[in-house]
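These notes open a run of structures that come right after.
Across the two complexes that follow, chain A remains constant while its partner is chain B and subsequently chain C.
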Partner chain A sequence: MASNLNQHHHHHHHPRINGQISPPPCPHLADFLSRNGSKPFLALQDCLRSKPPGGRAAIRRDPSEVPRCVSCGDSSRPRLYACVACAAVSCHAAPSPSSSHAAAHAASYPGHEIAVDVDRAELFCCACRDQVYDRDFDAAVVLFLSTSSTTSSSSLVPASKPENLRKRRRVDYCPWSPDIQERILVGNGSSRLDCESDQKPWGLRGLNNLGNTCFMSSVLQALLHTPPLRNYFLSDRHNRYYCQQKNAKNDNNNARLCLACDMDAMFSAVFSVGHAPYSPAKFLYSWWQYSANWASYDQQDAHEFFISMLDGIHEKVAEKDRCKSHSQGHGDCCIAHRVFSGILRSDVMCMACGFTSTTYDPCVDISLDLEPHQGVSGKAGPAKNHHSCNGNTDSKSSSESCGISSLIGCLDRFTRPERLGADQKFFCQQCQVRQESLKQMSIRKLPLVSCFHIKRFEHSPIRKMSRKVDRYLQFPFSLDMTPYLSSSILRGRFGNRIFPFDGDDADGSNEMSSEFELFAVVTHTGKLDCGHYVTYLRLSNQWYKCDDSWITQVNENTVRAAQGYMMFYVQKMLYYKVSEKQVS
Partner chain B sequence: MSLPNEDNMSSHTQLASHFFEDLLDSIIVDVASECHRIARLGLDRNLEDEEEELRLSTQARVRAADPSNSSETNGKYVVDIFGQNHPSVAGEVFDCMNCRRSVTAGKFAPHLEKCMGKGRKARLKVTRSSTAAQNRHSRGSSVSSYSPYSNSTTNRLSNGTPGHDGEEYSNGTLEET
Partner chain C sequence: MRNSVNRPPTPDAVEHQEKEPTLQEIINIKLIESGEKERLMELLRERLVECGWKDDMKALCRAFVKKKGRSNVTVDDLVHVITPKGRASIPDSVKAELLQRIRAFLVQAAI
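Our next item is the complex of A and B:
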């Protein structure tokens, strides 16, 4: 009963270069280009002007020029166009032909149809009376804007990418079937599992509550059905017998502790035949030993457990290879990072000079604030003074308009430019003083599996109390992360020009890997102190409720209406990357 | 209140009105030009899908609120999808890994806590230093123009925003517990 949203026509099916459609030129523009090439556009670079910080580009022959229409002398019209061929400035107004001196100019002089909006640096065809686009012109504008505010060019397109962002050749997914020899090999080396005719999805099993351990079992359920993680363990990529043997050789008792081994054991048990709920006792034991520094047993948070667990897998699996440092982003260190690790980009722009400093940070999930309570006291006013960088239009998400909190809304806010106030002045390398700044987050690299954590638990050390935010949050079953990518955010900052921004993939593969599907939701009901975690799993487009030992089937509406705490999304299309290691 | 017309307006008001209209026209063209570019370049968001998801959620919540539909959402289970029934305290019995004694699953955690000597005292939570990108800048620290990895040398799996309860309060300052 899945809603068929994806049948809707997507622009994404048009051919894209650098993630954008390159619109075909109108006949007049095409003609102009064939006669003059793009030199005239590049020559316009000398006339580009902008006001830092982040002001949009305008065209002025002289910085103090006041453009006037050559025909009527008017300088106040909202649209003034400078002919690219002869630099004559004309005004253009409403549909009536007589009010557009720009159109008249084009009609009088063949070859003079292409003009540029002097205030917005947009190309315009006066014959078609429509805005037109050219890659070379846009590139000139972007380069001008980036150098005018002396943004380090590395923030646009890093000269040297860190190891974790280096592209590897993609290999398209192709399904595999064993050949005859392989069948024999598999048959000889394994014991068959009986398939039931009434096939419930594999690996669907309750997890016994060991005493207030639903914080753990809820996350484990999600992980047991995280496709890349599940595939990893079921493909025997971490063999617990082999691992324990190796650890025994080291004769180190501590080394025997391996969360990945316990996960392996759990996968084996849960994906075997049988319906009885599984008791993750050994796992709890191992995890407690590992997280000896963590808070006491009493109040446990599912999200904290999740982070701790990934950390535990990383530490034990990546330990052996010392050259892999701890805070990696590329995910080559361990399966936990391979699956969940992404890279966030943070830009801080000085409001005085426009200089932008950029940093990258790995992350295994994204924690989002719920919106501040709508319609409350004066403080709720837009404290975020949205700086219209280059005229960036900020569209409100549909949900905000109707007053519902949504995941999309949270992501919008997460990537919105945020003014760092007077009390948070940032040291500008160019100005050499602390200045008020504008900060903006974006996602440089999406993980295979995106986990969104909603910050529903608020602790106030001042008032010494905590509270839980029960407000409903809408979350989609299909999620397109494109608007939150660094390339999209950067592009928006530079007026949505056609240009390869940091993160754009030449083969347009970004759009494929930006589409996600929801497969697990961890919910919390009840109060802060005595609540209960439940996980909803989506298997073969059917939703199941995993409430400790109890697995029941539910309608998708139940899931939509639930109070999401952690939402797990997986990339719709998983590519296989060409392995860098040679096969021995 | 009648619309101001040229006759009964002072020249000041006329001028002001004229400027206002010019500004308004200019802003309208700004928006039109930007939207035109976004649409033509295929950068617009899929609002239809977003709205559809929203509509489905609203519908779902209405259905969930309806008492006749509550069987799914209530905690009262009769049988699970395999036809099984489970007691409120898990009854499986196994040996504790620490002390080798026989334990019931549903009471394993409290047993283990005593067995491992962890104690029930609420200890100060050691937070993973979540000096995530979001926080770092708001502390006003100087940041290099390009750093692939975090400055922190401690074990850090940072969240996008400080994910840990109590680390960030609404005024944006970082408090460490």
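Our next item is the complex of A and C:
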């Protein structure tokens, strides 16, 4: 209990780094700050440099300085520190105190304990032998890096004023468990859903194939068991009778069409007693009406259907609720976007001057490229591995690092800086000409449910035809999205700082919301133009195969071996484990 | 190449400027001046992430912090703990690639 109170206390006084409470400054830093007035690091700020445009921050008195240790003259040591009191550069090594000239300097000159890493522009206490942080210094570094590369108003760091940090207030998450009174209230106010004696989870039933509609069934199965979506409809948040009544008044014949109403009807039917397969005929018909050019019994793409039906729900609901003003990006417009909508950030940096332009785009899913089979061209490491994969060489460690693609690998590639070469030059606002540039994607805001779509349909411009890529893709059951967040990407660029990076001030800093659990996998077997979709669902930690109207229990190895086309992950705190059934 | 122009008195115990710089030092300075060192560092970072080395080091650090307790660990402790393992586990292919890059640089810089 005591430690709990203690933590609460700290919250209000110490800023956080990446969602963590940062420790109080060490006595040496506190002492240095108290002796050096309001701007203790002002002199240091004039020495900030970034070598290649957009590169990392470094400390140099003049741009071409080669820093070397004043005691041993060595310039090649990996860790060189400049004393912030007297600017003496000393080398430092961790193991023994005798090998550190920086520590020796701190020991012989009291008040000279704080130093700055000349190649990282990060503060270090040579007496404590630990990294230290100063909010104003870090803000200055970030500001330097972002103004040296960005001059537009859509700056890299919209909230660049440190004051924002102080104003910020956070309500701490505390898990709720009902006390006795609440338990009674819950018991009296609700009727128990009676699970039948067989082990089948609630709402798990097949969907009849209505003629090449497995593309629809596979996606609907995933949506029916998307926790926040299911909770929304089962708690009567979109009542179809009420919605229709409301629409009747408007007397607009087109307004009668509402995909959310059909979803509501489907949820009611599917989550009723029994396990007989359900025919989503009404839904199919409404969707045909909504997007007329799909109205046929042809095979369709499950992903396109997914996008189309989310659009459908959005359009009808947002229209009726007359909240068009809410742009999709806020995710507040409709249930579809509240669940699936995230925001992507894209930075394009000019390689000549370092100017960065940043754009934000809402998205309801992330489409990922499968890694090209030939390996990443021009990169020695992976290329070597691919040789062994083809069986040409006899490398020992062939299977693990070679060919097998993974979702993690795809996400790494998705957020990796990508060079836009001579053929796709980007217009730089600062240079006023097209320049070679570096593009990097990251995730500004994570959705409640992340849908990853694997681009398995490949178009070859040479052969003028499309084909399907049948390559296997590994995907994890638990996924941490932290490395792909804008805040993490920026932190990698700016170093370790106490600073609210993009997304930190929103829910991005909450570590819990970046952990995801897999709950549905839509798989495809067959060719480009004819094939079959099957969905694997994870309910109460047991996997089920939903193949049209047939539901079978499968073990997780079957799922791992399946050829994933769309993967649905839900934020871990919204994922219900085995305990889901037992409400007593 | 005097390195203490505007600097307050510091413990400049030995004057090194008189000494003939070693070949290693010359190479290092050339690498820095040309910006090649920065590029090599970036390449190395990328490779170490790709081959999972960084994740391994992160895991080692996490395990150590868990063992010692969050507030009883300094950066130097971490560096000390992971350095031997980190040095030993860099893939040969990465070393070879870097060596080749440095060789190519030396040829081109005609040192």
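The rule is short, and it goes like this: the second predicted complex is superposed on the first by the 356 of 584 C-alpha atoms of A that agree within 3 Å, B and C clash if a C-alpha of one lies under 4 Å from a C-alpha of the other, contacts with A are read in each partner's own complex, and residues count from 1 in each chain.
Here, a residue touches a chain if its C-beta (ideal position, glycine included) is under 8 Å from a C-beta of that chain, and two chains touch if they have at least 3 such contacts.
Treat the numbers as computed from the prediction; the structure is a model and nothing was measured.
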Q | Greater residue coverage of chain A in the superposed arrangement, chain B or chain C | A | B
Q) Touch check for A:Ile551: first (chain B), second (chain C), both, or neither? A) first
(Q) Quick check for you: in the superposed arrangement, does A:Asp369 touch first (chain B), second (chain C), both or neither? (A) first
Q: Pick one for A:Cys353: touches chain B only (first), chain C only (second), both, or neither.
A: neither
Q) After superposition on the shared chain, which partner residues are touched by A:Pro277: those of chain B (first), chain C (second), both, or neither? A) first
Q: In the overlay, answer first, second, both or neither for which of chain B and chain C A:Val469 touches.
A: neither
(Q) Once chain A of both complexes is superposed, is A:Leu234 in touch with chain B (first), chain C (second), both, or neither? (A) neither
Q) Regarding the shared-chain residue A:Ile408, is it in contact with chain B (first), chain C (second), both, or neither? A) first
Q) In the superposed arrangement, which partner chain does A:Ala87 touch: chain B (first), chain C (second), both, or neither? A) second
**Q.** Partner chain in contact with A:His105 - chain B first, chain C second, else both or neither
**A.** second
Q: Kindly list the residues of chain A that each of chain B and chain C touches, one partner per complex.
A: 23, 76, 131
Q | Residue numbers on chain B that touch chain A, as the complex places them | A | 22, 25-26, 28-31, 33-38, 40-54, 56-61, 63-64, 72-73, 75, 77, 80-82, 84, 86, 90, 92, 94, 97-98, 105-113, 116, 118-123, 125-126, 128, 132-134, 136-150, 152, 155-166, 169-170, 172, 175, 177
Q: Report the residues of chain C in contact with chain A in the complex, numbered from low to high.
A: 3-4, 6-14, 16, 19, 24-25, 28-29, 32-33, 35, 38-39, 47, 49-51, 71, 74-77, 79-80, 83, 91, 93-94, 97
**Q.** Interfacial residue positions of chain A with respect to chain C in the complex
**A.** 23, 51-52, 55, 61, 64, 66, 68, 70-73, 75-76, 86-89, 94-95, 105, 108, 124, 128-131, 380-382, 384, 401, 412
